[in-house]
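Lettered A, B, C, D, E and F in written order, each chain numbered from 1.
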Amino acid sequence: MTNLDAYRISSEPFYRPVESEIALFEAAHKSRMPVMLKGPTGCGKTRFVEHMAWRLGKPLITVSCHEDMTASDLVGRYLLDTDGTVWHDGPLTLAVREGAICYLDEIVEARQDTTVVIHSLTDDRRILPLEKKNEVVRAHPDFQVVISYNPGYQSVLKDLKESTKQRFGAIAFGYPSPDIEAEIVAREAGIDRRTAEVLVRIAERSRNLKGQGLEEGASTRMLINAGLLVAAGIAIEAACQVAMVVPITDDPDLRDALTGAIAACL
Amino acid sequence: MTNLDAYRISSEPFYRPVESEIALFEAAHKSRMPVMLKGPTGCGKTRFVEHMAWRLGKPLITVSCHEDMTASDLVGRYLLDTDGTVWHDGPLTLAVREGAICYLDEIVEARQDTTVVIHSLTDDRRILPLEKKNEVVRAHPDFQVVISYNPGYQSVLKDLKESTKQRFGAIAFGYPSPDIEAEIVAREAGIDRRTAEVLVRIAERSRNLKGQGLEEGASTRMLINAGLLVAAGIAIEAACQVAMVVPITDDPDLRDALTGAIAACL
Amino acid sequence: MTNLDAYRISSEPFYRPVESEIALFEAAHKSRMPVMLKGPTGCGKTRFVEHMAWRLGKPLITVSCHEDMTASDLVGRYLLDTDGTVWHDGPLTLAVREGAICYLDEIVEARQDTTVVIHSLTDDRRILPLEKKNEVVRAHPDFQVVISYNPGYQSVLKDLKESTKQRFGAIAFGYPSPDIEAEIVAREAGIDRRTAEVLVRIAERSRNLKGQGLEEGASTRMLINAGLLVAAGIAIEAACQVAMVVPITDDPDLRDALTGAIAACL
Amino acid sequence: MTNLDAYRISSEPFYRPVESEIALFEAAHKSRMPVMLKGPTGCGKTRFVEHMAWRLGKPLITVSCHEDMTASDLVGRYLLDTDGTVWHDGPLTLAVREGAICYLDEIVEARQDTTVVIHSLTDDRRILPLEKKNEVVRAHPDFQVVISYNPGYQSVLKDLKESTKQRFGAIAFGYPSPDIEAEIVAREAGIDRRTAEVLVRIAERSRNLKGQGLEEGASTRMLINAGLLVAAGIAIEAACQVAMVVPITDDPDLRDALTGAIAACL
Amino acid sequence: MTNLDAYRISSEPFYRPVESEIALFEAAHKSRMPVMLKGPTGCGKTRFVEHMAWRLGKPLITVSCHEDMTASDLVGRYLLDTDGTVWHDGPLTLAVREGAICYLDEIVEARQDTTVVIHSLTDDRRILPLEKKNEVVRAHPDFQVVISYNPGYQSVLKDLKESTKQRFGAIAFGYPSPDIEAEIVAREAGIDRRTAEVLVRIAERSRNLKGQGLEEGASTRMLINAGLLVAAGIAIEAACQVAMVVPITDDPDLRDALTGAIAACL
Amino acid sequence: MTNLDAYRISSEPFYRPVESEIALFEAAHKSRMPVMLKGPTGCGKTRFVEHMAWRLGKPLITVSCHEDMTASDLVGRYLLDTDGTVWHDGPLTLAVREGAICYLDEIVEARQDTTVVIHSLTDDRRILPLEKKNEVVRAHPDFQVVISYNPGYQSVLKDLKESTKQRFGAIAFGYPSPDIEAEIVAREAGIDRRTAEVLVRIAERSRNLKGQGLEEGASTRMLINAGLLVAAGIAIEAACQVAMVVPITDDPDLRDALTGAIAACL
């Protein structure tokens, strides 16, 4: 009844490879090995998985995980209908049955039942027991699990269990090199290369402040936001304030440091 | 079936610009960049977003966030009907489908699932997966997310995640300059300019007590309340007690300090 | 369908004014300013709001707040009917639609969603968005919010947010002067003035013990209870024990101190 | 439809008065003043309220409170029926409508919403707002609230609010004098007076150990249990072990002390 | 409609009495006194209550309590049927109506509402108010409550309330004497007496390690498990490892100590 | 209606025995003794139970436990149907009725009600009371409970109760000897023996780092993942990074140590 057409990616999502991540993902995909994408906020993990889904011609079902998400949100539930209760597959079950890549974004945020539910799908059993239905769904040959994981966030209290981690092949992501990042920012924001390079230089200085009061430095995404404001006619200093300073800190010293970094690069 | 007429603002909400906030918002709106309005209680953030919605001719759906709000409160849920369960769009989904500005007031108060639900809407994907329906809603071209954020409130335990913050362009608000504030108070409370100036002077003294036992000084909203009482025939000292002292502190020393501040300005 | 007749107060509730509280409330009511009544337990806040509702000829909807109360308890919910789910307005929505004074007693006890729900009703918007219904209720011109607040109870963990407090005009209440209190007690308990004066003298001594192990001294309500027992034939010492000592402390020293206070006044 | 016949007490419950508690309760009942019965476990509070209900010819609805009890458990709820949802009065509402004494046993154990729900019933308003029904039930003239309260149990975290306590007249209970207690035990257990006196002497020694490792000494109820075992042919030492030692402590020293106390009294 | 045939015990459960526990239980049963069985894990409390139910010819309803159990799990609930909601008695209500022994295993694990629900059944009232039904069930003359309680488990945070404990006659259980225990193990595991004696000697050594890192020593149940493995052809050392060492500790030193204890007894 | 065909294992799951675990399991199975499989993540416990189910010709129902799992998830629940509520057996009840091996994976993660529910099934009673149905299911003669338990995970706060542990025979698992492990890795990943031996040597070094910052060393499962990447054309160093380093640590020193271990073995 349901099919995956809504989850197919019809046009190529722009992705600028940095190292061998495409080859590694393709190798893992061959045996449908579960893949963990590790890296900081806004460095392109979500874009990468969209690109790979397009490249491999597989539908992609993305679930943004959060701490109130339950296993039922993934697996499905009974809903009351005029004909009594009817089972509705959740996004994971849909991916398992029909053969999609299921991308669980920031899975570590979810409750443990969400994590445990993928265990039987990420070893050689490749089954999903729907306990409430007494049904055992065998995974479609194309089904693959991908998760994202931000190493900066995890704490002792909130981390994946060892028995979950060990099931995954992991690919590490970082911010791209200055050249590549300027290319990305210019393209995505629709600004000239020189302005993009200025923004990248500002980002580098911002990233150096990480750990000195700043939780994370400016991400590629923030540079694109600054670029978009410039493209809309805002002066570059003001654009950087709006996109790269005000959103991330209220500390006057840090604001000064960031404002100084911006001035130094112009 | 549902349309957004109830959410259109028919007459111009009075807003007195302070700096370049209107131009910044308009630039961000051009690329539908998510916007974060930062500033203390009662300084005019809500009024600003109403003004901008009117100015841009866009419907505005406002949601006051709180710690018991769930993603379903935003996104929608199945309700039981005579024909079985029927899906009802929540306010966010309505805004996404029909193209409104969705204003999430004090989003940091909400549970994390509420915050995470906007992630796929605030990057270039601009989609809202309704997991319980297996539907992916692509955002209407006019849809934009605006959130408010009070820097004084956040703590380590309750703050937006870095991966949320980095998606937003942010505009900082403060209390207006004395001149502008007196203009606003006189207009909104229906009192003469001289009385309004007295109230603004009292507010300035009150704001200086912030951090000395007072969580926040008097907001513009409180000045308007004092003005309304004066307009209703209450003496200015009594009006200031009712609107600017008794609501915010029970500490005898602070009450004395505030009472002194009032006396000094009359 | 529903109307407010059940909430109209047909006969004048006895209220003995102490200061200018009636004038202040009437001034606030003129602009429908939200009002906060501050003061200790049993000093007459609830009686005052009933008196004002009667005086102003407005229906009064009172809600006793508690920590398990949700926004739905105030706003309304869908109930399942033979014709599917039907929306039932909660007490706040009823007051908003039909134009009543809505009195939220001890609102600080409630969960934050209850508090936040009144934000859009307590600024110039005066709207109540029923998110679950996608309906925006504009307040009836007579609608006004009144809340009570006991300064002795609040702690850092459980207090109103600054952004809530600043919306209210606040009137402070205390115990009435001895003369007025004796008048009230004699009238309400049906005892002679002399006995009432004795009870008030005992109350004053009891209130002096506040902070020396006693959380609060005897309230006017407790004096009336003692008076009622006297009127029913119980000796005054025994009546004071039952109404003013045993209910509030189990500490032998405090019981002795209170018993001594009673003996000293007879 | 529902009536209170099931809650009438047809035969006199045996109650042996200790002081003037019957007169005090009757005086409070005259003005339907809320009554709080204070005292240790098993000293006869429940029996007293049953006796008073019988004496006054009023039906008695008893609710054993516990920490998972909600206001709905007291007030009522909508239940789904073939004709849609139908309201079912809870035990408190039943008592309010039909005029019963409502006895809330160990109310301090309940969640705060349960406590707050009785506020409007325990001042001169005597109303119960059924918020979910938009109905205001005015109390039947015979309705009275009685609560029990064990001073030994309360802690800072779990106590009645001052605003609740101050609404009640309170009667303190303790264990009866030896003579009266022996009379009670002999009667209830069906044993001879001499054996009952031995049990009472053992109880006195046990009560002296309170605070020396024992949370509470032997209650009258425990003496009756011991008496019942003796009446069933068990030797008095063994009966005392089963009814008065083993249930309350596993500490070997305390067991020895209690065993010594038993031996000393035989 | 429902009857208790499913809960009758048709053949005598083997129980080897150790002291006078059968006589004590029978005496308590005469007046239907609530009985508490105290003792360590696996010493035969459950078997004893099954034996007594068979001996007294009474049906036995056993409920294993746990921390997520609610009063409704015991008392009953409304279920939705084609004819609307229909009340279904829980196991306790069934026992109360029809006259069974209701055995609440490890009641201290349950939430307090579960504990409080038995209060009115364990004093002379012997009633069970079904508050949700406004029904008061009077206990069948044969109804009796039995609970089990393991003194080693309780902590300050999780213990029965004094007002619960004082309602019970209590019988203390321990491990049987070596002779009796060997008899039990030989019979239940189907092994020869000599092997059983060896197992009992090992158990004694294991029990001596209690408090030296071991939470509890080997129970009779564990000896039977070891015996069953021996009967199935496993060597006695391996059987003791599987049944008496590996399940209870992962500490290498304790494993060595237990292994040494096994070797010493062979 | 339901039968267990979906839970039968049709072809032999590869299992390489390490010690006498097959004989021990078969002996325990003879008397249907509950079995606990103890050992670290990814060492083959799940594969072993699948192998044993195949070997013994019994259907296997596996449940991955997690901290949000309730007893109802195991036992069953009422679902609303057109004919009213209908009971649906959960996976445990299905196994009990029809005679399957029920494998509760990582049971210690589950809430206590899940653990307690198996108590009456794991002593000689072998019954499952379905309290919500007032039904007592007697276990099919083939029913057996198997649980897994990772000693490295348990803490004081989250462990099985002694009364649960003592019901089980326990079999300890570790990583296989190098020879056997290489055989397993070569077979499962489809790589040559020499490469598998290299991977095993790397794993040994990784396991030596356990406790020096690494929660657990490389499991057999991780070696197979590395092998699969090699088989897909990835160089062995890169494959080890993806499968054995990046997933389990973000600490730069540990990454260096692991990278050094890989280099040393090539």
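Everything that follows uses one rule, which is that a residue touches a chain if its C-beta (ideal position, glycine included) is under 8 Å from a C-beta of that chain, and two chains touch if they have at least 3 such contacts.
All values reported here derive from a predicted model rather than from experimental measurement.
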Task: Other chains in touch with both chain A and chain C - done: B
Open item on the list: What are the mutual neighbours of chain C and chain D in this structure?
Closed with: none
Task: Distance-maximising chain from chain F - centres being C-alpha averages - done: C
Open item on the list: Between chain A and chain B, what distance separates the C-alpha centroids? Give it in angstrom.
Closed with: 30
- [ ] Compute the distance, rounded to whole Å, between the mean C-alpha positions of chain B and chain F.
- [x] 51
Task: For chain C, residues contacting two or more additional chains - done: 80, 82-83
TODO: Report the residues of chain B in contact with chain C in the complex, numbered from low to high.
DONE: 2, 6-7, 41-42, 46, 50, 62-69, 73, 79-83, 88-91, 94, 105-106, 109, 150, 152-153, 188, 215-216, 218-219, 221-222, 225, 228-229, 231-234, 238, 242-243, 246-248, 250
- [ ] Report the residues of chain E in contact with chain D in the complex, numbered from low to high.
- [x] 20, 23-24, 26-28, 30-31, 33, 36, 38, 70-71, 78, 80, 82-85, 111-113, 115-117, 119-120, 123-125, 129, 131-132, 134-136, 151, 161-163, 165-172
